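I have a structure here, written as structure tokens, and I will follow up with some questions on it.
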């Protein structure tokens, strides 16, 4: 087992474990923290995949921005413990959901498992670097990239419109 | 870059710039210049429509193949522009009444329209993904725009959470499609699949198609991915319901048509059966579910699910005869826009600050107090039911015609029978309007609101929808197999004088 | 079959048209709410009928004057023309129809005149005459119709008039019910008539001459009679089928078993109506039809035999019922049924001429009897129960005398018209060669030989009963002590001259009418038989050689039948005048028989219980409430309800929880993935 | 044995499914949002793996877009949750069933 | 001059005018006057059609056509031939009468009522006149809306149930027909390379047996619902009972005829091989309907329901006549359609008169009316006589021809069918006369009825033409029957053995074999007729 393989299993196991903890965590803050852990491990996996820029973005945006935002809202609303875990009125759908998720996992895995496909040894020059990604974003994905700015602007407007109380003067 | 072909995205740019303009106006002139924002929006939508028409028969491939322009895209762009126009026209009275902050409202409306316009013209997975999210994010926000109303925010949260959930599937599908082909460009993907003899990737393609179908089924509201539809339609502010019931549907179907029959034709063995099953479930499920509804918005929501089913049948047919089925789908979407917005617009006309009249029982006896509105609402209902001589009939005729032609006889039979169930609940509305006596005294304010200046916009929307709902039934000359021929003539005229 | 020469006579169209004008005038006036004054209404009606009568006489004389049978023909527009069928309006007078129109018009005229007195003061006077005229029209169309559908027009027309006239006093519900019953029972017969007509047309078409014209049918009868089809696996000759079906029609119109039940009830109508329609003319239409289509019947001896048997059975059955009825009109009604049975017996025995002869004589004496009874009712405030009559002889001498003459005539006392015709029938039955039992019946040969004497004896018993009950009625009504309640009694008066005059005319007719058919053995030439025989196929024509030879037998039988008639009357005298206590004793001794007879064999009750009630119950309970509402419509409504229920059930899954929605989406995803993975 | 595409894909699938389980089972809307982020991350991993497989940067670009989208969605979603919270003092999804049927 | 289009749209234009001008205080009177004018004008115009009609040809006359949706092969195409001429006139004839009848019967929302009637007239006329299948379908379906309103707005207690049932029932049948129309056009396209919905073109298409059967099934299903053929009739009693008088008259008078008309115009000629296959079954249903309808009518306590079931019975005769493939029966069936329109229409008008006075339709509520309202009684008796097909009335001509033609027809077992249907002649008399007796005769059982006013002048005015026609058509049916001849001949020519086989493509060997097998069971002696038709056509 090569080093990278070992790292894959370590990062993978940690990511998966923290993901499970996110989902099962009793406390929203704990979940958020586990989420960060998962993100870091994923960043590690990105590195293994030669996606260095992605790894950086992952940490900056996901772990840095999004999770912080989520934590911030949790604190703001003080809803970390708010949700009772017992007495669900929709237990059937939940348990059914778990079964279905299991089925889905099995089906997905059954399609993916057989037949090992390896990675090519050789990678093009500059794969995963900022430059190469930048080239793509400003050439091939220029329009999409520009559209992302629209998206983000729209999201800001939306967030302001919704969260800003004065948005609606009289009911 | 020589192959930018910027003209191909003039409509999209117009819509986006319009949004920025409204935003800027809000900053400059203050946030309550409702009329200004409305006019800006209308102008943007109109220009977008005009640009679409000007480049009507043009085919282009712009931004390194990220977007394309062809007749189908033009038609979809026109539909999106028209829907935006109608949505904006429906808005002012309602927005005023509920004290919406107009600048952000119209900004979001235009941004979502921009997203839709990009979605229907995108020729690249990344492009499609981003534009889809752009429109979704805006529509989530618009759904929850009545922030003080429980229903609105609840609908928005459900929409958002489930939408994001679906986005996960969609993106996963995109990922597998990319994994199967190594490309995100539709043309390249299509070429790859058409070439056949793929290696281990072929399995990825199938997985990708399945996941994409899941994600898109959510967006178009196919059974069993439809469950958000009634809650969101009911919760959303009515103008937004009107807008998204047609615009989101049109753009999502535009994308579906672009993706499945055009791009993934090589995989039709995988998706056609699924799509057929979805179509069947959706047609029957939507109609059956609508039967139990008493709230008109909810009823129309389920009805829109049913219509999605018919359209899905069209998409399935497009696997066999793309041209004819595409035309039928586009025609259907166009007609559907008018008749559905029309129905919502009438509801909006009936709303008053005191009371929203969204229940069937609220409509009782309306034909005596508001004969014209009752007649128009009945017209839209009959159109939705597909009764000639309305556009609803013609649209169904083309669509089921295409399905039959493509060999989906059983589906067509079951679908059209389910439309008989559909007729029942549309007729329920007519029953309430004409055959029941009012349960509560009818207040007079709707008439008053119709007289107000901003009510004028709404009245215009209603009349426009009514005229076109009928016109498309009677005239409906598909030039390009898509649009009435005089529209074609108009385009020629404009192009000639340019 | 000789080819009768045809003579165009468009004026024949006037014959039915005149009464139709009368109907239009009187009916129109009534409808417009301005009924004509009685005198004028009656004058119009009577004069138009007189016109018809004169025309009829002219036509009859024309036919009579010709040595060979001739056809006077009038035709009008093409009534129905479609496909193979072309039905022009066509009226024909030949010897048969000539005789009939004479009877119809003249007796009709007499009854019109009689009615003018009888209906005096009735608020529906104008309406009554309108109906009567309409009847005259229909009856004339029936008789003159040169093709079966035209005949059918008259056939149904008289049915309609009968319906309208029976229910003339519709405020009294039983009258209306009786009218409806008459129409409906007739319709059952019409069902047969229609089908019979179709069969004939079918046969004619197969024979290459698709037509329903009687003349054309008779021309091609040889080709037609060989046509056959397989019905339910049995080969059937079409003429046999047609004859049978048409006989069902005749049974309806002429009140034969099993369709006679309407006629007694029909007495609910005004008495002139009973006389005209339900005695003299309409009810004989069945006989007329059978005679008219004698060539079809001649081609199907089995049906002939059935006709004869039914006729005999009806004659006997009705006569026995008449024995014990106390309603004077009911007795006359059953008597009519019985006499009609005789006519059919004659026709069925292969002697249509004899049957028609009886129709002709019967018209006189039965009309006379009815009108006489009408006269009595007129005097007794419309009472018809013989038990409250008696001793009217003195107070109503004209009525008494005419009624008596008619009674003697119907009883078959020699010298009176009834004797000649009835005796003729009895003789023809006795000597019949056409009665034939089909080979499928075991012992058919013996039966075939046995049938004539058997039918003859049945007829004799019936004739005896006839004489007896007629004597009974006559005696109970006019002789003995008056049993009339006092309040009515002092009203009793002889009827006005317009009525008695008619009675006398008919009474004289009842005596003299028979002399056109004096049999050979009495030195007569039986002219009517020969005369009619020429057009009615002269079934016995070739027997002229044997007439002399069999003359003695005929005379013997005639003597017997005279004895029967006189004996019956004498017995009645003995029972009701000499020993009036005997009938009660007999009734007491044979209580059950008496009850059965006075309840008319419970046939009405039987029909009610077996057909009417079950059909109604079945229709209501099974067809409507179960099959229609619950089963067929239930399926429809069930589909609707099921859709709604399913919709509601699914709507319940839509429970508002985002997790459910997500689960549903995941379910969809699993299904999609499952399909893709497992396909 | 070397770690290949399939390993990454399986891992990404597991992450995705864990996310879906979270979406369905959790009642706290914020946790649901986090679960969705997990799903998206699972997808991102597969994209990166495919990118590595093809030696092509498009996958990376897609991940970038995905991250941006996730950010935008989080912003709007959290804003909506705040609005809901203001109305009902709850972000329990089981309280959000005014609309149903 | 596009006279057909003028007749067709004149009522609609009037309806629009009514909606525009029929407002305010005098709206009702304006609406009434306009409606009467418009419908009467349409009637007079339609008479010119008859005047200019050439009975010698089976061609579409007064034909109009322009390409409407060329890329879909849909054209606006109108024409009349012998099969439709009299039905067009029946429609235009009944509408003014119904308008008149509605003068007093309808007090609420008069303009809407009149407009609905007139729109309905356009719908019905369009369905009779259209010779393009899509155009036909449009009118066929559009017609439902005004009828739906007529029942639902001005109907009785359960009007909504009845209206919705009527609409959905009919629609369920017709949507399948729509699919069949489209499929037919595609089959035509495949064989000829041009897309067309023109009836004349489609009639020339040869269609495989299998397809013929399916398509015929869809067409026949739609039409059978409209007829209504047993067991698809259950919408009719509800619709009739609940509809206002005018609605019932139009429904019985014209709408049902569209069912039989559709069979002879479309379903049978388009798919001859399927028609000969299914005709015996259709006749069986028709005969069941004749008897069943009559029996159920017998026990109805509600007079309108009774008439409704009687319609099931009468229309059974029509279908029977169509399925016999003889000229007599077919002409009889067409004629019977007209008769039923008049007599049942008149019956409903008369029931409406009573309803207006007493607001009940229960037979038990009446009795002895003949004395109180003699004129009415006379009219009711006359109409009943037509209904029970007394010779001298129109009803007889129709039933006689149908029964005669069916009895001697070619189709196996047709003789039994005719014999069974002839039972309906008896039953018809039973229920009709029983009803007449219960309503008119006997003593006056309810004191309220003592003072009923007799027919008013207006009522007399609109009833008189119907009554007069009933007798004219009974006595002089010639001019009416004459118009059918050429078209019926053309129709029947399509059902000669060779023609039926020619409707199947050469390649469809098994289909041809099956159809030959079926045709061989037809009565041998009918060949003479068929053979002569064949030789004549060659």
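Remarks
First chain written, first letter: the chains are A, B, C, D and E, and each begins at residue 1.
Everything below uses one rule, namely that a residue touches a chain if its C-beta (ideal position, glycine included) is under 8 Å from a C-beta of that chain, and two chains touch if they have at least 3 such contacts.
A quick note: this is a predicted structure, and the numbers were derived from the prediction, not measured.
Touch-path distance (fewest steps) from chain D to chain E is 2. Chains touching both chain A and chain B: C, D.
Ranking every chain by how far its Cα centroid lies from the centroid of chain E, the top place goes to A. Of all chains, the one whose CA centroid is most distant from that of chain B is C. This structure's chain pair with the greatest number of C-beta contacts is A-D. Nearest to the global CA centroid, when each chain is reduced to the mean of its CA atoms, is chain E. A separation of 69 Å divides the Cα centre of chain A from that of chain E. Mean C-alpha positions place chain B and chain D at a centre distance of 26 Å. With centres defined as mean CA coordinates, chain C is found 78 Å away from chain B.
Here the spacing of chain A and chain D, counted between their Cα centres, is 5 Å. Each of residues 9, 16, 19-20, 23-25, 27, 32-33, 49, 53, 56, 58, 61, 65, 68-69, 72-73, 76, 79-81, 83, 86, 93-94, 96-101 in chain D touches at least two other chains.
Touching two or more other chains at once are residues 168 of chain E.
In chain C, 640, 651, 654-660, 662-663, 666-667, 669, 673, 676 are the positions where the chain touches two or more neighbouring chains simultaneously. Here the chains touching each other pair up as A-B, A-C, A-D, B-C, B-D, B-E, C-D, C-E.
In the complex of the two chains, the chain B residues touching chain C come out as 157-158, 161-162, 165-166, 169, 206-207, 209-211, 213-214, 217-218, 224-225, 227-228, 230-231, 270, 273-274, 277, 285, 288-293, 421, 424. By the touch criterion stated above, chain A contacts chain D in their complex at residues 1-2, 4-5, 8-9, 12, 15-16, 19-20, 22-23, 25, 28, 31-32, 35, 38-39, 42, 45-46, 48-51, 53-54, 57-58, 61-62, 65-66, 69-70, 73-74, 76-77, 79, 82-85, 88-90, 93-94, 97-98, 100-102, 104-105, 108-109, 112-113, 115-120, 122-124, 127-128, 132-133, 135-137, 140-141, 144, 148, 151-152, 154-156, 158-160, 162-163, 165. Chain contact summary for the complex, chain A toward chain C: residues 89-90, 93-94, 96-97, 100-101, 103-104, 107-108, 110-111.
Those residues of chain B that touch chain D in the complex are listed here as 125-126, 129-130, 133, 137, 140-141, 144, 147-151, 153-158, 160-161, 164-165, 167-168, 171-172, 174-176, 178-179, 182-184, 230-231, 234-235, 292-293, 298.
The touching residues of chain D, when paired with chain A in their complex, are 1-11, 13-22, 24-28, 30-31, 33-35, 37-38, 41, 44-45, 48-49, 51-53, 55-58, 60-61, 63-65, 67-76, 78-83, 85-86, 90-92, 94.
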